[in-house]
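You will see subunit A twice below: alongside subunit B first, and alongside subunit C after that.
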Partner chain A sequence: MELSTFLQMFVNGTMIGSQLALFATGLTLVYGIMLIINFAHGELYMLGAFAVFFFCEQLGLNYFLSLILAMIVVGLIGIAAERIFFKPLRGQHIPSFVMSCGLAFMFQVAAVLTFGIKDKAIDSVFPGVVNILGASVSVERLMVSLISAVLIIGFYIFLLRSRYGRAMRAVMQDPDAAALQGVSINQVCSLGIGIGAALAAAAGGLLAPVFIFNPWMGPVLTWEGFIVVCLGGKTSLPGTLLAAFILGYIKSFVTTLVDPVAALMCGAAILGLILTLRPQGLLGHE
Partner chain B sequence: MNSNNRTKWISLIAVVILLFLIPLFVKSPYWMLVLTLMWIHIIVAESFRYIVTTGEYSFAHVPLMGMGGYASALLAMKLGLSFWLALPLGVLIAALISIIIYYPCLKTTGTFFFFASFAFGEVMRLCWVRFRVPFGGVGGLRDIPRPDAINIPGLPTVEFTFLTHVPYYYLMLVFMLFSLLIMYLLERSRLGAIAAAVKESKVLASFVGIRVWWYEMVIFVIASAFAALGGSLYAHYTTLLVPIEFYWGLGIYVCIWAVVGGTGHFAGPIVGTIVFSLVREFLRPIPQLVPMVYGLILAATLAFLPEGLISLPSKILPWIEKGLAKVKER
Partner chain C sequence: MALIKKLLPLLVVVALIIAIIPGCAAKPPEVIKIGIAEPVSGGWAAWGVPVDRGARLAIDDVNAAGGITIGGKTYTLEAVTEDTEADSAIAMAAFKKLIYDHEVGYLLGPMSSAINAIVQPLCEANEVLQLFHGSFPPTPDDYYNFRGTLIGEQYGSAAYAILLQLNPEIKTVALLNRDEEGGWINQEVARNVCNALGLEIVLDEFLDPHEEDFYPILTKILPLEPDFIGMGMIAPGYHALLVKQARELGYTKPLLAPTGSDTAIMLDIAGAEASEGMLAVGTADYIGLAITPLMKDVGERYLARYGTQDAWSLEYYNNILYIKAGMEAADSIDPTEVVKVWRTPGFTMPSVYGEVRWVGEEFWGINSIASCPLPYAQIQSGKEVVLGVLTWEDMKPLISAALGE
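Coming up: the complex of A and B.
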């Protein structure tokens, strides 16, 4: 294998990994705080891409401003969904999973009715190609990884340094003990799903100029997000990051060297094996 | 209590007779197709609920349904077996494969089991996509043989062709009633009592000497065999099998039918399947809105009827009685 091919796969893997990290962080937050298997998370990602499309193409705003607006709008949608649909079912695994599927249906229909069923695309924001060690790498993909990294680092600073971040970590460890210490569970739930939704929207918005998107692209990513969450250890945020990059590289390399179906198989097999051999995941604990 | 039971049985028998008489009134081939598929879906949803009686939710259910279809279709196509032989053999093969899928998931429970069964089912489904030689790849299998004609001396021959809808209707109806009867009897038997104990608490069940893992596996395999039966019937009815049909999209639908209908009651998944199928058929002119309506029904049911749609009469009847009492007072 030539170095340039390897480098190309590496850059693609980094981009997929950073997207999965952004996306799965939200899933881990929602699962860790509320124990909800949120199948509508992929739809929030899809709505993020469409929100950027709306602000950027239809209102003619700047791309970065659109991205921030999309994160805010989708974050609010997430909070509203939690308040209306998930609150009555808090603590019940399967009913909340079924509810999230219903929510996913509704988001899809809403997107179809608003934007139509045709594939959409946004003009490239960072055109051009750079030459690294003989491999031509698009600037776009490097920038996507970079912005994702900035967002993830920002989220971690919030999580580790701020009062709300500490409250969130406390609820993830033990909701009852956190409530006894005066943490408002409702507030933390809203905050968790809001941040999760905003990060998913950022992932969607960042990929919007790279790939085409349509109202049905959510579920595939949701599935990959769950592989990442289980591999990382369900409620462990550092584990999620590690797992996201592992899966990103596996996807990139297996897709190029074998074929896309084999990459999907690898993902599913990893999920099955990690759950049966090491149920606590890579960095989680029982 | 006794007379109550008797009215229940009489109404049940009346419903079954009505189901057998439907083809006399419904002449439209389209509606026959809808009903025929609905009977298959009821088998699958009810067997999904049968696993839930032990407290676990399996997401390998729909891939195992597909496995039943693939197994019997391949037996019929490659070995030239008759449908009546390929069906039980296909179900048997799928049941054996369900043991292979269940075995690694032995130690997992709850959400872990949910995801692990999901993963192994998906690996199996991707095998059908990946390996073109027996399974036909993305395009799947086509021209699966239809059931052979039933030839009973003294009676007219029953043929299964592209144009005959009524024989298929009766075939699926009989298999559905048979599956429901078996699952009902199993639930009423000692096995059902053990399942209830396991659902209540695995630890307590193991303390009274129940081999929890063994009974869980037995129930999983029986339920998967019924799913495979549904898949096999489906394969020989549509004569076409495509891997994408057994994607977890259908798995989610089956889960929704069962949970929204009510997993706590035997009739729950039946009600759920019928309601959702009819909603889809009545909204046929505006297909893009169907998922939205599904989502609304589902959200309303989960929020206001946690026991599922099956508990609707018991919630509404007291209201009506109260209203009647008020009217009488006036």
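Coming up: the complex of A and C.
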């Protein structure tokens, strides 16, 4: 195998991993704080893509301003969904799952009625292709990875350094003890789902110029996101990042070296093997 | 009280007359339900919704022109759509609902060969006339099942033959398809066509139907240096995305999707530069391509109503015209009588393309495919330029070669 092909596979895997990481970070946060299975997380990604499309393509706003607005709008939608639908269901897996399926359907219908059924795309924001030691990659994808890294690092700094971040970590570790220490569970839940939704919207908005989007794209992404979350350790954010890149590299290398079907099987086999050996996931706790 | 008792019989009679009079008035036309079972939600809705719209436009046109008169009685048509979501189990439920609950005798759909294999026996058993739109060829046992549009051998052999005509230097091909039953069937057709045309297949693989990141598979394909990449059952948006990503990675040769081209979507997603020279077989531009006044008229009215032109939409418009012609010729609304008429040698039906007939017996032992012409176009400087139109007679030698005959 030529070095350039190996590098291309590595670059492809890094791109896939960073996309999965940004999407799954929000999912981990929501599950970690509220213990709800939010099956509508993929729809928040979809809404993010459509929001950027609306602000950028239809209102003619700058792409980055559109991205920020999309994160705010979808973050607020997430907070509203938490207040109205998820608050009574905290910690209840099955009811929250059913509720989120209903929400996902609602978001899909809203997108169909607003934007129609056809696949959409956003004009390239960073046109061009760069060559890294023989591996080609579009500038667009490089920027997605870069911005994803900035957002994830920024979110980690927020979690580690800010008062609300510490409160979130406390709730993720032990909500009862956190409440006894004066942490407002309601506030943390709203903020957590708001940030999770905003991160999903960021992923959707960032990838909108790279891929296509339509109202029904959410469920497949949600499944992928949950696989990453389970493999990483359900509530472990470092575990989510590790799992995202492992699955990204598996998909890239196995697709190129064997075939795409083998890549799917290999990903599933790795998930099964790790969960058999470590049911708590890669970096999760018992 | 005594007076009320005396008048009671009279009141009952008056009440009965009042109840009966509306029924004695001029009867409204009776309704014939036309079932449409296609994916109107999910990733395949980009095709399912337009064809539903095409059929509904035709139904509105038939009704506006006074409906269908059979034996002195006037009927109007009514569309009943059930969503298949391109899923076999949901499609089966949709077909059962249309046949048993809505009691339809005429059914349009599905567009998936894999789903058709599951629902067709249900239609045959219930003597429901079915216009199926998948790529799989008919068999002599398909009595109630007709192909409402061209099939895979037609699209595939024609598209590849046109591509070779335009690019005679082509010798090798990489074949990609969706990893689901329709894709497997379609890939088999593509292999046969490529073998018949003497093309060397350097890659033959399947993709997750929802895959949007083609970089990994393209990383495998590009070192093999195929002269073109043939994509089978791929929705127009995914086709455009694959073109865009292949160009990003430096692939400059043709990419062809015989059943998934939509120029507007291609230009929107891949852009004019990446789309340059792309071949569109079975164009969506019904107005620009119009080979009859009816085609132009219907294309313009579709555009006015829905704000867009959609691939395949007018093929379903045609299907309603076939049903109307069949009923009028049979002088019956009974699907079995219509099938008898359709299977009469020499029977022709109107379509937006002009007169068509059921063909295909020489290849598949039964005349079940509408002899629609196949327009083909190329994207040049951001516009679709029509290169020609293949008739059924033009397609016959291509199909023959594709079938190895």
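Going forward, the second predicted complex is superposed on the first by the 286 of 286 C-alpha atoms of A that agree within 3 Å, B and C clash if a C-alpha of one lies under 4 Å from a C-alpha of the other, contacts with A are read in each partner's own complex, and residues count from 1 in each chain.
The criterion applied here is as follows: a residue touches a chain if its C-beta (ideal position, glycine included) is under 8 Å from a C-beta of that chain, and two chains touch if they have at least 3 such contacts.
A quick note: this is a predicted structure, and the numbers were derived from the prediction, not measured.
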| item | value |
| --- | --- |
| Three-chain arrangement built on subunit A, subunit B and subunit C clash or fit | clash |
| Touching partner for A:85 - first (subunit B), second (subunit C), both, neither | first |
| First, second, both or neither for A:37, with subunit B first and subunit C second | first |
| Touched partner set for A:265, first subunit B, second subunit C, both or neither | first |
| Partner chain(s) touched by A:230 [first = subunit B, second = subunit C, both, neither] | first |
| First, second, both or neither for A:8, with subunit B first and subunit C second | second |
| Touching partner for A:252 - first (subunit B), second (subunit C), both, neither | second |
| First, second, both or neither for A:94, with subunit B first and subunit C second | first |
| Which superposed partner A:102 touches (first subunit B, second subunit C, both, neither) | first |
| Touching partner for A:211 - first (subunit B), second (subunit C), both, neither | second |
| Stretch of subunit C, among 5-13, 23-31, 59-67 or 95-103, that runs into subunit B once the two complexes are superposed | 95-103 |
| Common ground on subunit A, meaning residues reached by subunit C in one complex and by subunit B in the other | 108, 112, 261, 264 |
| In the complex, subunit A residues that touch subunit C | 2, 5, 8-9, 12, 15-16, 108, 112, 117-119, 121, 124, 129, 136-138, 211-212, 214, 216-217, 220, 251-252, 255-257, 259-261, 263-264 |
| Footprint of subunit A on subunit B - complex, ascending | 57, 104-105, 107-108, 110-112, 114-116, 118-120, 122-123, 126-127, 129-130, 248-249, 252, 255-256, 259-260, 288-289, 291-292, 294-296, 298-299, 302-303, 306 |
| Parts of subunit C lying in touch with subunit A, wherever the complex brings them together | 41-43, 45-46, 49, 179, 205-208, 210-213, 215-217, 219-220, 223, 235-238, 240-241, 248-250, 265, 268-269, 271, 308 |
| Complex contact set, residues of subunit A against subunit B | 37, 39, 85, 88-89, 93-95, 97-99, 101-106, 108-110, 112-113, 219, 223, 226-227, 230, 261-262, 264-265, 268-269, 271-272, 275-276, 279 |
